[in-house]
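Look at the two complexes coming up: chain A is in both, with chain B in one and chain C in the other.
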Partner chain A sequence: MGFLEETAREVLEFTTNAVFSERYARRDGLLQRIDPRVKVVSLVVIVATVVSLERIDLILAFYFLALALAVLSRLPVIEFTKRVWVFIPIFTGVIALPSIFMIPGEPAFHLFGLTASREGIRWAVLFTLRVATAVSYAILFTMTSRWNDIVSALASFRIPGMVITITTLTYRYIFLLAKLLLDAMHARRARLAGELGMVESWKEAGKHIGATFIKANALGEDLYYAMLSRGYANEIEPLREFKAGKVDYAFSAFTVLLVVLTFAFTRGLL
Partner chain B sequence: MHIPDGYLGPYTCAFFYLIMIPIWYKAFRWLKNLKPSQVPLLGVLTAFAFLVMMYNMPVPGGTTAHIVGGTIIAILISPWAATVSLSIVLLIQALFFGDGGITTYAANVFNMGVVLPFVGYYTYKFLSERFKLNEVISAGIGAYIGIVTAATVAGIELGIQPYIQPGYCPYPLRVSVPAMAIAHLVTAGPAAAVVTAAVVWYVKKSRPDLFAMRTIARG
Partner chain C sequence: MKVYELRNVSYRYPTGEWALRGISMEVERGETLAIVGPNGAGKTTLLKLMDALVMPTEGEILFEGKLITEDTMTDKEFRRKVGFLFQNPDVMLFSATVLEDVAFGPVHLWGKERGLKRAREELRRLGIEKLADRHPYSLSGGEKKKASIACVTAMEPEVLLLDEPTRDLDLRNRNFVLDMIRSWKGERKTVVVVTHDLRLIRLADRVYVVNKEILFEGTPRELFSRPELIERANLDVPEIVRLFHELGINEIPLSVGEAVEILRGLLQR
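And then the complex of A and B:
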């Protein structure tokens, strides 16, 4: 596969994923109902907790909690599990595999003259499981949140208004630029006889990126005038106002309790 | 080069969040230099930075590589613009596309949004101003050194994990640094160099006015 086809495939995959996530974010489930501010904070706190855990059983419990939350949020569990495991955790498993033989400890089994240690196995499992659990929560968040809500939530965390403005515009223009890029790839492909060589592809990419940069500049200018004529005064106010309800307080309390109990448990206080 | 959650231990993650606070502060202050008309422009250009990562370049060994585009933005606008743009790009990638991680976000921004564009940009500036080297070639060399340095820094971050706490990235420095550095020296590095040089050449040729404009954004 050449550079043009691969890039076009990547753009299509990106757009499909974005549309796919948005579809589940519109469903009426538990996490979809929760205030995005609560959800952002909970996500960060839970993932940070998972990353600092050193016990396989506790991480496994967090993993099953993620599955339970997926069910309560009406996400298709098989699809969810597939999205979690494909790529990052599998890739992690593969790179963790040799460490089974590298870490010294009590021998577990022998393979091709190499000795695997129990410590090594425990370590590889811990590492892979921890990555998979962290990824699960991130995907849970992605599949149940809408972009505009997240940006509005970030705006309420005292992130400078200009950054929020830029972020909002960025997300919108990614799709437009992605479409332009896809068209450019198809147009180039249609005029191409034979395959592009490696270095040729790099140069071709350079020209495409240069052209996209020039287009982006022109779009940015047009956008400014369009916004100015509609009363733009340097910052965009996010449209949605949030009001935390019962579910939000309950979920926040649940997260706090979960994290506190986990730490109390690992420190031997329980 | 995106480091996922679970590869870096809690201390390393916290350390990079601390390092990034003053850098973000400085970058956001830089935004105030922008004219009102340049704010929407930076939004569109950040979308452009996101898109640059979608280009799939064939590399030796039969696989494909991505480039980050930090040096491109640093040269065409300013290295601070690259920091702001990549912070936003990496946030969108981490939250919405599962690329990179939440705990490792600050470390990823440090590698790809600070080390890469600043090293790339100053190499370019040094070569083109001090040695009067052709701007297109300087840009290519800058991109190459930028991406290799960023990858090496990522390799160091991963490689110190076994010394701090077990259970995270399992490979020590003598494995992780060469693995990251060599991969970028021979694959993504040359691709980034040629692509960046071609972008600079193309923009200079077709819109030299944009090239002249960049001093405005530097305030």
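And then the complex of A and C:
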């Protein structure tokens, strides 16, 4: 199976199972009950706090808090952890690993003529943990929120309607186009005897991408006509309205308390 | 009363190719009109012209006696009166939930509160209220078609433009669409349907055969009496019609029931 086919299949599988079924967002857990506006603000505040922290123990505390929230929201902890850590090696490999050898300091070990410093290792661990914790909160938010709630929450923060419309349309159609792409690749595979070489395979992938762009263009034009036909006048009004309840106020208070305590702790006030 | 009047309408694609040449036709209020023709004959373009989504290169189109212009594109009253069911339901379902898609038109016409109420009513009326919170991506083909019909009917249109409404549907869903068209016919709504489906053609009061220009205008019975036209329209000849042609019987039935009646009459004579 070629790289492009594998990617399209993975994207489709992931979205179908995890996103569109909204199976976790429909569960009766703690974060699912919270107003998405509160979740958006809390997420931003917590992530900003995490990335500003210099202490590994405190970042670890935030990471375990994310795991606790996942359990309270009835998310499968193993799948949640896998989703977080699947991206981390990429960051670690590209950014954090070289810094082990580049940051000057007390030598820790030697590898292929390069010297790793203790400060470099500390920075790499700190960076990796920060990214992992920030990603954990972002994934917590997306796994426990339904897409239309996220969009409506963004709208209530006065984000321009056009931006929300474009986001919604992108989200809706990128997967449809991925499905078209996968169907086209299956059709090609059905007529193909043996395996293509790498160069041939990339040439074929290029053709598929070109055809998908043409289909996307035609789809986009018809989509605009379909909207126009139903009275569209360059604006879409968000339909969902939220009303904050006790659990929302409690979660907001918890977030504020968490941040205040963290800063008090880092400044030696506690 | 005439709902549509097309006077010598032509349309050229941006590529320079003509999609339609010199189309003149009328649509009466309350009639069901079928437009048939081979693929690439310009049938969908004709519907887009009638829905003021594209403007003719030559000629003019009148809706209820008023000339369709660029301003008609965003005219709320026109949009309420005319509903367009696209062939591909994926282009009609672009929101995060089915309810939001069905409410899209009504909200633009009547505002959020009334629009949402109307959308919920329509989902209930069509028996698909269980789809309200579903994402359109997760629907089956039949569910998508039903949801896209709800998107159109929620606006309470008086004129329905339908582009291949039964295409790619299984028998049950095809029957659902046919029943909807029968009910619109019963309510004296004006229906213009582009189709290759013989069951739909039988429902029509009049048929136009189009292949960039009008080749024929008449009743379904008249169309089925002319095999050469059916061939030019790239339509399947119904087996029962073929049998009557082979037997040299001039009277053409549109259903098995009618065929039985005709044959009984001939035998009695």
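Simple rule for what comes next: the second predicted complex is superposed on the first by the 213 of 270 C-alpha atoms of A that agree within 3 Å, B and C clash if a C-alpha of one lies under 4 Å from a C-alpha of the other, contacts with A are read in each partner's own complex, and residues count from 1 in each chain.
Here is the rule we use: a residue touches a chain if its C-beta (ideal position, glycine included) is under 8 Å from a C-beta of that chain, and two chains touch if they have at least 3 such contacts.
Predicted model only: the values in this text are computed from it and were never measured.
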item	value
Which superposed partner A:88 touches (first chain B, second chain C, both, neither)	first
First, second, both or neither for A:99, with chain B first and chain C second	first
Of chain B and chain C, the chain that contacts the larger number of chain A residues	B
First, second, both or neither for A:199, with chain B first and chain C second	first
Chain B versus chain C as contact partner of A:117, first or second or both or neither	neither
Touching partner for A:169 - first (chain B), second (chain C), both, neither	both
First (chain B), second (chain C), both or neither touched by A:131	first
Partner chain(s) touched by A:231 [first = chain B, second = chain C, both, neither]	second
Chain B versus chain C as contact partner of A:10, first or second or both or neither	first
Contact residues common to both interfaces of chain A (with chain B and with chain C)	21, 147, 168-169, 171-173, 176, 219, 223, 227-228, 232
Complex contact set, residues of chain A against chain C	15-16, 20-22, 146-148, 151, 168-169, 171-173, 175-176, 219, 222-223, 225-233, 236-237, 239
Footprint of chain A on chain B - complex, ascending	4-7, 9-10, 13, 28, 31-32, 34, 36-37, 39-48, 50-52, 54-60, 64, 69, 72, 76, 84, 88-89, 91-92, 94-98, 101-103, 166-171, 190-191, 194-203, 206-207, 210
Chain C to chain A touching residues, read off their complex	48, 51, 53, 73-74, 76, 79-80, 82-84, 86, 88, 90-97, 99-100, 103-105, 107-109, 112, 116, 135-138, 151-152, 155
Interface residues, chain A side, partner chain B - complex	2-3, 6-7, 9-11, 14, 17-18, 21, 43-44, 47-48, 50-52, 54, 83, 88, 92, 95-96, 99, 102-103, 123-124, 126-127, 130-131, 133-135, 138-139, 141-142, 145, 147, 150, 160, 162-163, 165-174, 176-178, 181, 198-199, 201-203, 205-214, 216-217, 219-221, 223-224, 227-228, 232, 234
